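Next, two complexes with subunit A in common: one pairs it with subunit B, the other with subunit C.
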Partner chain A sequence: MSAGVRHNVSFETNNIVLIALVAIRSIRYSKWRRCCVHGARLRGFLLEKINFLTSQYSSFAKSPFVDKITEQYNYEITKNPTEWKFVERLMPFKTIPQVVPKESYPSGWIPPKEEARKLPYFIPRTKNYAIPIYLQLSFKGNRKITQLKKIEGDIWLMNDDIKHLLKTKHKRYVETRVHEVARFIEIKGDYVNDMKEWAFSKGF
Partner chain B sequence: MVTLLINAIKRLQVSTLLPIRTYVSVNPQSIPLDNSLVVTKKEWKFPPAYTKPREVWIENLDTLEEKKLGLFELHPSVYATTPRIDIIHRNVVWQRKYRWVSWAHTKTRAEVRGGGKKPWPQKGLGRARHGSIRSPLFRGGGVAHGPRSGKTHFFMLPFHLRIQGLTSTLSTKLAQDDLHIVKDLELPSDEPDFLLDLIESRNWGPSVLIVDDSDLAPRNITAAADAIAHVNIMPVYGLNVYSMLKHDTLILTLSAAAKIEERILQHLHSITTDKEASFKLNQV
Partner chain C sequence: MGSRQVIEKSLTLLRSLPRVSLNNIRDNPGSKRTQKRGRAQHGGDKHGCGNKGSGQRQNFMRIGYETGTNPFYLRVPQEHYYKGHHYRRQYPPLSLRILQEMIDTDRVDVTAPIDIASIVKTGLYNFFPDQKHFGINLTDEGADTFEAKINIEVQWASELVIAAIEKKGGVISTAYYDPHSLFLLKNPKIFFESGQAIPRRMIPPQDAIEYYTSAENRGYLADPDQISQARIKLAQKYGYQLPIIENDSDYNILSERKDPRQIFYGLEPGWVINLKDECILKPKDEELLRFYSL
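Here is the complex of A and B:
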């Protein structure tokens, strides 16, 4: 189908099918069928027509249902009308919309707090307003690594705080890895929920 | 002995007129002392959460001596990210590779002339069995697994690595004092010497990349930059990591800086699934 040319099922073809179907129905349940030879003949003719119409084509666009229609509707081009906002409403977002502040979020999403911006370190939300703390599984799930990404500010202080927190909570030494250039911390083991809880408590 | 000493002292005389050249591109004398500076604060759609916006001077190009026309804010997500030199390097490698077609070529044993006849009988001579004198084992024979010409090295770097390459390079340039914002590109003359003197006086390094918002730069700077091989002008859509690294200094006009910021911020805050999809040859 070439671009720029509109195709549509023509009205006439549709009507022909409709009329034919009605005709067959009426012939079948009328006296016509029994008494008149012409009725059967007409019915056969119409069925043949319908068979022709409903036969399979390589694609819908190549079937005779589709005609090239140069102009289907009469329209005029107006600029900046009041109705434009209804068109805009249908268009996809150019950027991910801002969060609307609410009392509570039924989804369980926790909004970031303002006071977190005064801390010496910071984890910004992703563009989808999620906290960038992930579980990395490797070796068929045998190695679990918790990753905290997009860290801003003093990454080493954050590392110390995390280590201290996990050590007091789990009563065992926790191995971490700090990547200063790519701004992430990796913790050996699955501590995603602990870290998310900690991050939300800090207000990130 | 005395004369020697006198000569030595004479040679020690240093001209007091030599200017002390500082290697900082902000000249304190260029800042106006009265409070006439315009500080432009920006209202971003996506304001920075933690990192503070970067303030840069707006400079002029119409006079040889430097004038600070005001201050301008740049978004830290674009102009003050972590300089990921690994990503910058991947961008440079990509830019070198996608345009590289290797024309190195060798002939296989089928393409080297001759060698159709079996050189000697299979058995009875005590020699190794061979079927052709153009086999890769032979001197003057074909090359096995050699380079074949017209090999493209095209590939597409993932979308967000391209974006991060741009932000990393812009941030590096700004942090190293190699990024300057100018009000516009109006020069008083189209002499290349004027532009060269201006670059010299402002410590902008020999090579300069000028980026403007529009395709059509003013005539004077186009004519001047055309005559100098190491001063180049580029529209915003042509901005790339390789050119930024190739030139010592990056000069952005106000509108170009704002446009780059707007475009990159939009990509950083939108759904980019279609741009992350694998590259198709017919998509351009």
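Here is the complex of A and C:
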């Protein structure tokens, strides 16, 4: 808790210099200079004052207008667990917290089911416990592609199931693209909500 | 002055100065020489100005000037819809549905008051104070399915959002933070590690005072009596039974508020947090106490 140099030249001191300068000028060019003895005396007094105020010091920090610098402020060190709780609350998560099972999830988030691991194909959740099904827009939103990522197991069987499901639901042929190495399926068109609904029903 | 005095003096000076680092050192005096423009055979050719014309004669035209023709920047009529947009305060939205999802997936702790620090901590909210972001705008998407009982502090909220939270027995308040304190709230750990004292929160600018002093917006500078009246009024408008907070088992959580000068819950301005030794340094100096109490 150390402070830097505080230049405490007051506003008033600066004002005095200004007023004095103006006063000297006005005395010099006014009739008071000739006719009044007091004018000359006043002028001498003001000049003396200005010499004091504008005299040169070896450095600004050594001038009488600067306060002495405080290098160390007085403080106390406390260790209070009740206060430290507020600090701990602000610290970032070291890992993403595990979801504690609850009775209901009002937001519509659905926890994955263990039984889904036994299926011939599987989609694991992302690190944020979301299902990796996304809508990819390109050509200024003209081309819509639904992408299912991170697919494990029999990707071709999953492709057949998806195609069959969408054909029966929408009564039209749906184009898909399977990338076996990168483990994703792309469907031409926006079927994100259908696919999410299907994935949750499977327990992914 | 003897050399011993000089050494002692420089040592005391060093103690009060910051640590020597890359950003406060400079080259030795006289170690660098600026290059002079060569004349004639000593490199006096074009000096990077090219051949002929504006560049060589250095009669730089003003920006946008097209040597007499109607310039492009005047050819198109002006449109003032976005005038001053770069000064306007931005409030990135966060919907009630996403807030509920954060609570469902245990990203947000309901047993403590929620503020911008706990929302940013989830890592699911993009917040950049340097891009004129001034906090959270809590939007009403998912207001019908919102179930959590929370004590939340946001920067902007609509009437429906306030109703949705108060219906479930929660408390909402809107509070202003200046950009500097928002930087601290975005990443408190980095700030504590820097070893600086927690500053005071600044008061809202002139055009935001009306919002944050109004009880309808649950402003943090509004009269508490007027807020409790506004709560009853809103419950009558939306037709729900207002739960009584005083009888609630979580009254301590719901009644926790920050001081208008406070940035973090439970931590006062002027304190220095030492994360390494897990202790708090509190000022006792009269001068500092006066400064931070303002």
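The criterion applied here is as follows: the second predicted complex is superposed on the first by the 114 of 204 C-alpha atoms of A that agree within 3 Å, B and C clash if a C-alpha of one lies under 4 Å from a C-alpha of the other, contacts with A are read in each partner's own complex, and residues count from 1 in each chain.
Quick note on the criterion: a residue touches a chain if its C-beta (ideal position, glycine included) is under 8 Å from a C-beta of that chain, and two chains touch if they have at least 3 such contacts.
Everything quoted here is computed from the prediction, not taken from an experiment.
> Contacts for A:59 in the overlay, against subunit B (first) and subunit C (second): which applies, first, second, both or neither?
In the superposition, A:59 contacts neither subunit B nor subunit C.
> Contacts for A:117 in the overlay, against subunit B (first) and subunit C (second): which applies, first, second, both or neither?
A:117 contacts subunit B only, not subunit C.
> Counting only touches as set out at the top, which of subunit B and subunit C does A:76 meet: first, second, both, neither?
second
> For A:89 in the superposed arrangement: first (subunit B), second (subunit C), both or neither?
In the superposition, A:89 touches subunit C alone.
> Kindly classify A:100 by the partners it touches after superposition: subunit B alone (first), subunit C alone (second), both, or neither?
In the superposed model, A:100 contacts subunit C only, not subunit B.
> Considering only touches as defined above, state whether A:181 meets subunit B (first), subunit C (second), both or neither.
Only subunit B is touched by A:181; subunit C is not.
> When the two structures are laid over each other on chain A, which of subunit B and subunit C touches more residues of subunit A?
So, of the two partners, C touches more residues of subunit A.
> Please report the subunit A residues shared by its interface with subunit B and its interface with subunit C.
93, 96.
> Can you name the residues of subunit C that touch subunit A in the complex?
The touching residues are 12, 15-16, 97-98, 100-101, 103-107, 109, 112, 117-118, 121, 123-124, 142, 145-148, 187-189, 192, 197, 264-267, 272-275, 278-285, 287-288.
> Given the complex with subunit A, which residues does subunit B contribute to the contact?
Listed in rising order, the residues of subunit B that touch subunit A are 45-46, 49-51, 82, 84-86, 266, 268-271.
> Residues of subunit A touching subunit B in their complex?
Within the complex, subunit A touches subunit B at residues 93-96, 112, 117, 122, 124-125, 127, 152-153, 181-183.
> Can you name the residues of subunit A that touch subunit C in the complex?
Touch list, subunit A to subunit C: 1-2, 69-71, 73-80, 83-87, 89-93, 96-100, 102, 105-109, 128-129.
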